[in-house]
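Take a look at the structure set out below.
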Amino acid sequence: MPTILGQNQYGKAENRVVKITRDGATHHIKDLNVSVSLSGDMDEVHYSGSNANVLPTDTTKNTVYAFAKEHGIESAEQFGIHLARHFVTSQEPIRTARIRIEEYSWERIETSGEAGHSFVRKGQETRLAQITFDGERWEVVSGLKDLVVMNSTDSEFWGYVKDKYTTLQEAHDRILATQVSGRWRFNWTDDEQEMPHWDESYEQTKKHMLQAFAETYSLSLQQTLYQMGARIIDNRSEIDEVRFSLPNKHHFLVDLEPFGLKNDNEVYFAADRPYGLIEGTILRDGCEARIPVDLTNL
Amino acid sequence: MPTILGQNQYGKAENRVVKITRDGATHHIKDLNVSVSLSGDMDEVHYSGSNANVLPTDTTKNTVYAFAKEHGIESAEQFGIHLARHFVTSQEPIRTARIRIEEYSWERIETSGEAGHSFVRKGQETRLAQITFDGERWEVVSGLKDLVVMNSTDSEFWGYVKDKYTTLQEAHDRILATQVSGRWRFNWTDDEQEMPHWDESYEQTKKHMLQAFAETYSLSLQQTLYQMGARIIDNRSEIDEVRFSLPNKHHFLVDLEPFGLKNDNEVYFAADRPYGLIEGTILRDGCEARIPVDLTNL
Amino acid sequence: MPTILGQNQYGKAENRVVKITRDGATHHIKDLNVSVSLSGDMDEVHYSGSNANVLPTDTTKNTVYAFAKEHGIESAEQFGIHLARHFVTSQEPIRTARIRIEEYSWERIETSGEAGHSFVRKGQETRLAQITFDGERWEVVSGLKDLVVMNSTDSEFWGYVKDKYTTLQEAHDRILATQVSGRWRFNWTDDEQEMPHWDESYEQTKKHMLQAFAETYSLSLQQTLYQMGARIIDNRSEIDEVRFSLPNKHHFLVDLEPFGLKNDNEVYFAADRPYGLIEGTILRDGCEARIPVDLTNL
Amino acid sequence: MPTILGQNQYGKAENRVVKITRDGATHHIKDLNVSVSLSGDMDEVHYSGSNANVLPTDTTKNTVYAFAKEHGIESAEQFGIHLARHFVTSQEPIRTARIRIEEYSWERIETSGEAGHSFVRKGQETRLAQITFDGERWEVVSGLKDLVVMNSTDSEFWGYVKDKYTTLQEAHDRILATQVSGRWRFNWTDDEQEMPHWDESYEQTKKHMLQAFAETYSLSLQQTLYQMGARIIDNRSEIDEVRFSLPNKHHFLVDLEPFGLKNDNEVYFAADRPYGLIEGTILRDGCEARIPVDLTNL
């Protein structure tokens, strides 16, 4: 046969698990979307259809729900570590497990009484975690998507290359807006190392990223991207690599002159497509890049 | 000709306008999606294609942007009132104008310095406003969509009809979750009346609605729906009618017994489809219902 | 109590049912998304939470699946008629049932052998049916959505009103493109009448609509809309009313002059938002309009 | 500085270009969504914000539209080759260009007359092409997404691993359905080689893939995946590597026994989430895998 099998992986994707923890009348909520991806000695199921080495995707789903009870959900990363370790250590043919998790956050509804059991979904970014384990080495990449940010000034764009297809006018005061998709890789790789405090790390990383976006006087979105990553590397010693995919969500100044009006950076048209797409990796010096290049598929 | 023309309307939909107001170094942002719908003496354009009575949809778009400069955007409702009045009073063939607006809210990014020009999109509900004017009477319907809420206890469902297709077990402690789509109609209809304070009305209405959701011990989602509407009518004298479309976002208790585990209302599967869909109108006694029955299309 | 309950309805939405019928080795497939909406004597469940009159939405879901077996799925409309009749006639408190159905069509995959059991989803429009029954009178509204069509010529737009906000240039040869959302109401209302042949009616109605779109030399999208509706009324005696919601999917001629190129109606930018939105009803003379004005929510 | 810049790329994404070619009264249409991604000597724009090496994303957009006129759009792949060559050869700092294209296909509307200018969007799969050029070597990866297929029989699943979390029952006759996302890499890498006929290659590859899906008696989705890839490699000498991401779109047999009905593989519930996700690469023997592992982000 002139064809051979290359990399392959399988599992149950998008298991929606909600865990309620009751601390007396005060409830706590964890709301995750968990995807399991397993690989290993799986040639035969591809060649002949023999499932002798295949743990069903349905079983991986059951395991997600059972582990929410058995281990609780301390954080998305910790939950993924429990799952990945289980699949790799309990099934001989499975050599590598990768767990991807989306997390949705909730706020409490303020009420006149106690009401520790009422929540409204925060609705801002989706938190992301990816945990990979090959039996020896851990790789944890956390991140977020769909965090929309804007600076209404302190952004310029000029001094660029002009070729025969260039018509863009230089801008010395523009809106800079983007929908952040980011991933950051931890240098925790071994059970012997002290594990990061995942939730605190996430909150601090998001804070530094937002502040860098806000505080950078920007001559290009690339410059802002780099500052956002560098600020994280500088402040969070547990993180060695950051990658961003930043669509430049164009806000075009509307030409109001035909109506006898002057638009003094006040009225903008928020465009959908096309958009600039700026992507880049920032590394701690001496570290290797491991986060894949394309965070989205366009 | 055996066919005739019935109701018709036209305009430019989804004009994305962002307005920046500069108060020194502190900027303010309004972010709207404005849809214009005009009707009136439009038979001829349908029958013969004569555009003699047709103000182009492109012009209605231009008007949205020009008015953002000329009138500012005090609130979505006030902005819609300016637009609707303009179309009906400036063009003889146009008898009715309806403006629909979606509004997205933004929060300030906290920084070490001043930075009054950096924002992150809040991402929670989308605020809605619909303003209709026929030259004499105003109808303002405000609302919201995509506000996801959950009570992790204080919800039951039992005592229902059982027919030959009923298999559901009664529940005495369940999660109640929904994605609120709501509309409320103001009793302001005339320029002679004092106009409501639109932004304060919105904030208070949302607060009462959330509190009613949180504080109602629920025997059915219908009961909760009614309480949410009644709380608004009771507290907001400017509102005469409320309608909700509430999908019952099912959270099913996962059966962990096959794994030797007891699920004491802790681990849930959050289902997508199908979902219960509960819809209803709550009216101030003596008032007429005017909000259409179907807020969504399923 | 100063508040009262207005119109209300409830049921299970988006029940995804796939029915396979085996005709020897040749299989047939029906793929539906069924939403049930019931109303009637439901005051008490809103006021006190008593479910004594409430058939659970879970039961309405079960009924959909059971009826797929008991009655088969001859057509979306016929299936909806079975369901609506059942709910109204079997439960005293239920006075009206409305069934909404989306249908997805599939084509056979051509193979070298027989293979009457392999399908690829067609992916074009979604077929729609809405069946309402109050115990006496039927109302059937069929339709479709997401059918994208384009004429690359034979469309003009000029002679329109020009006010101070008008900047649009007149066009004497433009692309006309839209994503058709249409509904049509049948004059079958009574079990005593002969029932239409639903599938044939759908195929013929779609054909006439497409041909009217293609064959109309268009001076405005309103004119095309009217012709599409009139063609249906003229050719299909079972239909008395048609309503369309037609977004004008703008294709803007790109200005290539800065690059020394002439754009002779060749290269277009397909815009997303904003878009013109043209909506209208076409009636058989003497008939009443009953299809709601807004087919979409923008 | 403790941080350094890693891989980075930028350009304008999602340029929607529609090209009409007029062959007398018969028009032809190409409808593309083109994304440009450039990389090279771009350190300075990240570190200092200097745009001296940056061709604006706006210019890359203009180039897409200008090239649609200058070169026409023979196929998505050929169009991408023109663009990639241009960016790399015309701008010294740009070392690599990657063009990603989505293509939407259209069918003619049948009319009584000629009407060679009326189209309806086919709506089935989205065709994909990715062209990468580094000044010397070409890499072309074509593919498709959102092609939904189903076998209503000839699929089994049994003989799998059973652990303490396994509850799944073995199945000897089930529905197998998936939404195909596939990519295939051409062995054309050099201008000296004869270029494949891109459109014919696409049509034949899709045909072989669909036939392999239909004709494989399946003991696992992995087996079907491998057959789909092997069939392409066996029949298309221009292709060396294929990768698929195949969600197992579960169709669960509904338990109708509570209603006294027997479900003889007739009535199914089509589930949304979770779903099995089966991914794998098939290679011509001796060839290297170059298509990234994750075609989607879950």
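All chains are identified by letter, namely A, B, C and D, in their written order; residue positions are counted from 1 within each chain.
The rule is simple: contacts are C-beta pairs under 8 Å (C-beta built on N, C-alpha and C of every residue); 3 or more make two chains touch, one makes a residue touch a chain.
On a predicted model such as this, the values are computed, not experimentally measured, just so you know.
Judged by contacting C-beta pairs, the busier of the interfaces B-D and B-C is B-C. Chain A maps onto chain D through a rotation of 180°, based on Cα atoms and reported in steps of 5.
Against reference pair C-D, the listed pairs A-C, A-B or A-D yield one interface repeat, A-B (criterion: more than half of contact pairs the same by residue number). Work out the mean CA point of chain B and of chain C, and you get 23 Å between them.
Mean C-alpha position of chain A lies 30 Å from that of chain B.
Distance between chain B and chain D, defined via averaged C-alpha coordinates, is recorded as 38 Å.
Each of the following residues of chain D touches two or more other chains: 16, 62, 66, 165, 167, 258-259, 272-273.
A complete topology is adopted by the chain contact network, contact being made between every pair of chains. Against chain D, in their complex, chain B makes its touches with residues 164-165, 167, 258-259, 272-273. Listed in rising order, the residues of chain D touching chain C in the complex are 16-22, 27, 29, 31, 62, 65-66, 68-70, 106, 109-113, 115, 117-125, 146-154, 175, 210-211, 213-215, 251, 254, 256, 258-259, 261, 263, 265-272.
Those residues of chain D that touch chain A in the complex are listed here as 1-16, 35, 37, 42, 45-59, 61-63, 66, 90-91, 93, 100, 157-163, 165-168, 218-220, 222-223, 225-226, 229-230, 233-234, 241, 243, 247-248, 273-285, 289, 292-298.
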